[in-house]
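One chain, subunit A, links the two complexes that follow: it is found with subunit B in the first and with subunit C in the second.
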Partner chain A sequence: MMAAVRPGPLRPYLAIVSARFRMLLQYRSAALAGLFTQAFFGVTLIMIYEAFYRSSAASAQPMVFAQVVSYVWLAQALLAMLPWNADAEVRAMVRSGAVAYELCRPIDLYGLWYARAVAQRTAPTMLRAAPMAVFAAIGLPLLGLGEWRLEPPASLAAGAGFAAALACALALACAISVLINISLLWTVSGDGIVMLVATAVSLLSGLVVPLPMFPEWAQPILRWLPFAGLADLPFRIYNGHIAPGGLALALAQQLGWTIALIALGRRLLGRGLRRLVVQGG
Partner chain B sequence: MRDALRLYLHYVRVSIRSQLQYRAAFVMTSIGVFLITASEFVAVWALFDRFGQVHGWTLPEIALFYGMISITWALCDAIGRGFELFGTMIKEGNFDRLLLRPRSTVLQLLGQELTLRRVGRLLQGMLVLGYAAAAGTIDWTGPRVVLLVASIACGVCAFLGVVVLQATSAFWTVDSLEVWNAFTYGGVTMSQYPLAIYRSWFRGLFTYAIPLGCVNYFPGVAILGRADPLGTPALVGWIAPLAGPVFLIVCLQVWRIGVRHYRSTGS
Partner chain C sequence: MPQIVVEGLVKTFQIAERTPGLWGAVRGLARRRYRAVRALDGVSFSIERGELVGYIGPNGAGKSTTVKALSGILVPDAGRCEVAGRVPWRQRIAHVAEIGVVFGQRTQLWWDLPVVESFELLRDIYRVPQARYARSRDAMIALLDLEALLDVPVRQLSLGQRMRCDLAAALLHAPAILFLDEPTIGLDAVSKLAVRDFVKRLNRDEGVTVILTTHDMDDIEALCTRVIVIAGGKILSDGALAELRARVTRERWLTVDLVDAGGAIDEPDAKEIRREGHRVCLAFDPQVVTPAELIRRVTSRHAIRDLFVENPPIETIIARLYEAHGGSAGAPDGALDRTPDGDPDRSPG
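For the complex of A and B:
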C-alpha cells in the first residue's frame, strides 16, 4: 500500500517551500505597512526623476518618462525578490551548530538550501507585489496622479517576455541567495560579506537608480554583470526599452549566470562543509 | 538635570563597551554601512553626470543638502535606537521594568543603546559635505558655519521627534510600524534633494507636518547664499531650523499621553 504514495524526487523540496511559504504568510499586517512605505518611496523617487526630466533636453534622457515610472514601480513591487540578505534560519543554524542536522537529512544540501531560497524570495514578493501593482496602476490615477501610474507592458510580447525574464530573475536571485548563505559557513557572524553583496545587488541591478541612467561608458559593463538580470533586464523588457527581439539574448544571459553561480555554489558548499567546525555541543 | 546627564553618559559608556566586544564584526558592519550609503551617492552622481543639473541646482549644491541630512540622520539613528526598537520592548513586556525605575522613560530609552555602527553613514555624510564645502560654491562665513552646525543639531531633534512618534504608536498597535520608515528613511531620501523640486503638497507635508525641510532645505539655501526659488525671504533660513526642537517638544507631549495610556501585554 505504501508503494502507491512513493514520493517523487522533488517532493521533499516542495514540502520545504510550502512550509516556509505558510510561515511567511503569517505577517500580513507587516506587509500592509510595508506597502505604504514603498508607495511613499516610489512617489518620492518619481518626483525626483520628474524634476530631472523637466529640466533637461530629451537627448539626455535614456528612457521616456513613462518608462522610468514603470521601472520605479516594478522595483518597489519586486524589492523582496532581490538577494540582499541572508536567510535568518540558516544564519541561526550556522551560529548554533544546528546546521549539523541539515547534513543528516537524506537529501542534497545545495538543493535544500536552494528550495529554502525559493521560498524566502517568493513568499514575501507575492504578498507585496500584487497590492503594490494595484496601487501603482489603479490607485494613483484615482488620486489624480495618473502620469505617475504603472503602465501596462509595452506590448503583448513584452508582457510575455517579462513573465519569462521574471522567472529567470528569480532563479538567478536564489542562486545568489544560496551563495550568501554559504558565505556564513566561513564568517559565522557574516554581516560584512552580506552587506557587500547587498550593496552590489542594489546598485548594479538598477534598484537604486535605473541602469540606463548611468554614463554611457558604464553601460556595457553593467549590462553583462549578473546583477542586471535580477531587475534591470526584466523591467526594461516590460517597459519596452528592450525590444522583443532582444529577449532571447537577455534570457540566455540570465540563465547562463544562474547556471554558473549554481555551479560555483555547489563547489563552495562542498569545500565549506569539509572544513566546517560545528559550533558548540 | 546634571544627574540625569551623568546617568546618560554612564549608559553610553556601557553601550559602547559592549559593542566593542566584537571588534572585527563592528569594523565589518561599519564598512558595510559606509558602502551601502555611499552607493546612494553614486546614484546621485550618475544622475548629475547625465543631466548636469536639476531645476538649476548643481551637484556641489545638492551635496550640501545630502551631506547635512546624512549626518543628521546618522546621529539621530545612533542616539534614538532605543525608541526605534521600542515595538519589541512593548511586545515582550519589558517596558514595565522601565516604569518601575525612578527615572524618566525618555532618558532610559535614549540610554538603551548608542549605536556605533552608524559611524559608516556619518563618515559618508561628512565626506559628501566635505566635497560640497570644498567645491567652491559656498562662500564660508562664521555665521554660516554656525548655521550649518545648528541646523544639524535641530535636524537631529526633528528626526528624534519622528522616532518618538513611531515608538508612541506602538502603545496602541503593540508592534512598531514600518509605516514610520516613510518619514525617517523616506525623509532622508527626500531631503537629499532641494525641497523646491517637489510638488506643493509634498513640500507642505515636510514643512508643516514633519519639519525636515525647515532643518535642511531652508538653512541650506541660506548657507549657499542663493535666493529661494520658493520665494521665502532670506531670513527664513536662519529661523526655520528652530522648528526641529519645537517639533520634538510636541512629540514628547504625545509620548507622555502614550505612557499614560499604556497597558502591559503581561508577557
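For the complex of A and C:
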C-alpha cells in the first residue's frame, strides 16, 4: 500500500482563504450597492477637485489634475481592500464563545486569522474593483466625461510597480485587519476601536484626500506612517507621482510595516488569548 | 498508564463585582472590586483508554472549566494535567490534533457553508490525508445518517441534525479522545437517542475514550459505566453508577395501584412519598424489610391492581448527594459555566 501523503504545511491556511473567499463572494448585492455609492462619491470628489484646480494656479499643486483623478478612482475601486472593519465571523465567534473552537484547531491561530483576513480583504475587492475600473476608465469617456476618467498607468514600469505595491498593500491591510480582529478579544463589541482605526485608515491612507494635498508640515509624518502603504504609495506609483526609481523604497516601507505589525499582532494575540484563557471565556 | 491524569487542579476566576444602579456603574469605571471564585478546588481523577465517563454537576460546579483545561483552552492555577503524556495548554497544537471536542451549545461548522464543505475544511485544517478522510467521512455518514444533509447549509439544519453533523465533524480526524459538553442539550427524544446510540458504538467499536458532561441523567444511565460528580469545584464521587447509588442511599421504591383511591397504607417499614389518585409510592430500605416481605404485607392488607419496585431515579440520587455536601453547589447558577455572551464583565480590564 502506498503511504498516505501528509498534506503540506500551508494547506490549512489556503483552505481557509478559499472557503471564506467563496463565502464572501455571495455578497453580490452589497457589492453592487457599494459600486453605486462609490461611483457617486468618486464623481463628487472629482467635481470638487476640478473646481479647486480651476480656481488656483495648477503649477502650485503637488499633482496635476489627471493624476488626482486617477488617484481618486483607484481609491474608490480598492476601498474594500482597506482594513476598515472587523471580520463579522470573528466578532460573532468572540461573542458566542465559539472562539474556543478556534483554539481546538491544530494550527497556528495567528496564521488562521491572517488567512481569514486575506479572504476578507480580497473577495469584496474582486467584486468591486473590476466594474469600478471599467466604469471609470471606459464608461466615463463614453458619457462624454473623458476629463474625469481613470488613466492607464503612467508607464509600463509604473504599471508593474503598482502591481507589486498593491500586493504589498494587501499584505499590510491584512496585518492591520488581524489587529482589528484581535482587539475584539478585549472589547467584545469592538466598535470603538474599529471606528477609530477606520477613521485613521481612511484619512491617513489618502482615501479621503490624496496625501500630497495635505499641508507641507504633515508630509514627513504621513509619508512614514503605515497607512500610506495601504493606498497612497501604490496609487502614486500608478499615476507616476512616484517615479519608478522610488519604487524600492516604497515597497521596503510597506513590507517593513507589514512585518512589524505581524509581530505586534502575534504578541497581542498571545496576550489576548492568555486573557481569554485566564478568564475562562 | 492512564490516558488522562488530573491531579490537584485548581482554578480561580476573578469576577468583577458590579454595584447596581447608575452611581454604581460610574464608580465601576474608576475602581472595580473583584471577587475570587474558585471554579476548581483540587480536582483529581484519572481515566484509562477506552473509558466512557460521565462528568456531572450542577451549573457552576466546574464541569466546563475541567473540560476546557483538558482541551488546552484554559490554563489552571495549580495542579497537574496530562493527556496522552502531554500537558494540554503547553503542547496545544500537538494535543488538539488528537482530541475531538463538541460543545453542545455551539457549532464548529461554518454557518454559511454546506455541511460537506465544512467537513472538507476540517480535513484540510487537521491535515487528514484524502484516503483516510474519505473512509472516516463515509463511516460517519452511514452511522449518523447524514447523506441527505451533506449539501444543506449549516444554518438551515435543525438542532438535532446539526448535532449529528457536529459529532461527525469532531471525529473526522479520528481522535483518540472525545470531549462532549452537553451534547444532547435541547434535542428532541429521537435525536437524543441517535446521539446516545452513536456515542456508545463509537466507544465500544472504536475504543474512543469519551468524557461526557451533561445535565441529562438519562444520558448518564444510558451511556456511562463510570460517573464523576463535581460540585463547588470539588469531586464528590467517582465510580460506577451502581456504587454511587449504593453510597448515597439504599432506598428503593414500591409503587402500587390501589383499587380504592382513598385507602391509607399504614406500614411501619415504608414511607409514603407520593400519591396520585390510585397510585401510591412507598420508599423502603431493603435491609430493613425485603421487597418480597413488603409486597406480601401490602397485598395482604389492600386490594391491589398493579405494583412495581424500582430504584430512585438518578436525579434523586444526585440531588441527595449535593444536599449531603452542604446543599450548595458553590457558585450561584451559571456563575462559572459562563459563556462570554452571558458575562458582561469580560469587557475592559
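Methods note: the second predicted complex is superposed on the first by the 270 of 281 C-alpha atoms of A that agree within 3 Å, B and C clash if a C-alpha of one lies under 4 Å from a C-alpha of the other, contacts with A are read in each partner's own complex, and residues count from 1 in each chain.
Operating definition for what follows: a contact is a pair of C-beta atoms (placed from the backbone, for glycine too) under 8 Å apart; a residue touches a chain by one contact, two chains touch by 3 or more.
Since the structure is predicted, the reported quantities are computational estimates derived from the model, not experimental observations.
By the touch criterion defined above, A:S155 reaches neither subunit B nor subunit C.
When the two structures are aligned on the shared chain, A:Q219 is found in touch with neither subunit B nor subunit C.
By the document's definition of touching, of the two partners only subunit C reaches A:A19; subunit B does not.
In the superposition on chain A, contact of A:L196 is made with subunit B only, not with subunit C. Of the two partner chains, subunit B is the only one touched by A:L45; subunit C is not. Contacts of subunit A with subunit B, set against its contacts with subunit C after fitting on chain A, share not one residue. Per the touch definition, subunit A reaches subunit C in the complex via residues 4-7, 11-12, 14-16, 19, 23, 26, 89, 94-98, 100-101, 103-108, 186-188, 274-275, 277-281.
Of all the residues in subunit C, the ones that touch subunit A in their complex are 11, 13, 39, 65, 68, 71-75, 89, 92-94, 96-97, 99, 101, 103, 106-108, 110-113, 117, 120-121, 124-129, 131-132, 336, 338-341, 343, 346-349.
The part of subunit A that touches subunit B in the complex is made up of residues 29-30, 33-34, 36-37, 40-41, 43-45, 47-48, 51-52, 54-56, 60, 62, 189, 191-192, 194-196, 198-199, 202-203, 208-209, 213-215. Residues of subunit B that touch subunit A in their complex: 22, 25, 28-29, 31-33, 35-36, 39-40, 42-43, 46-47, 49-56, 175, 177-179, 181-182, 185-186, 189-190, 193, 197-199, 202.
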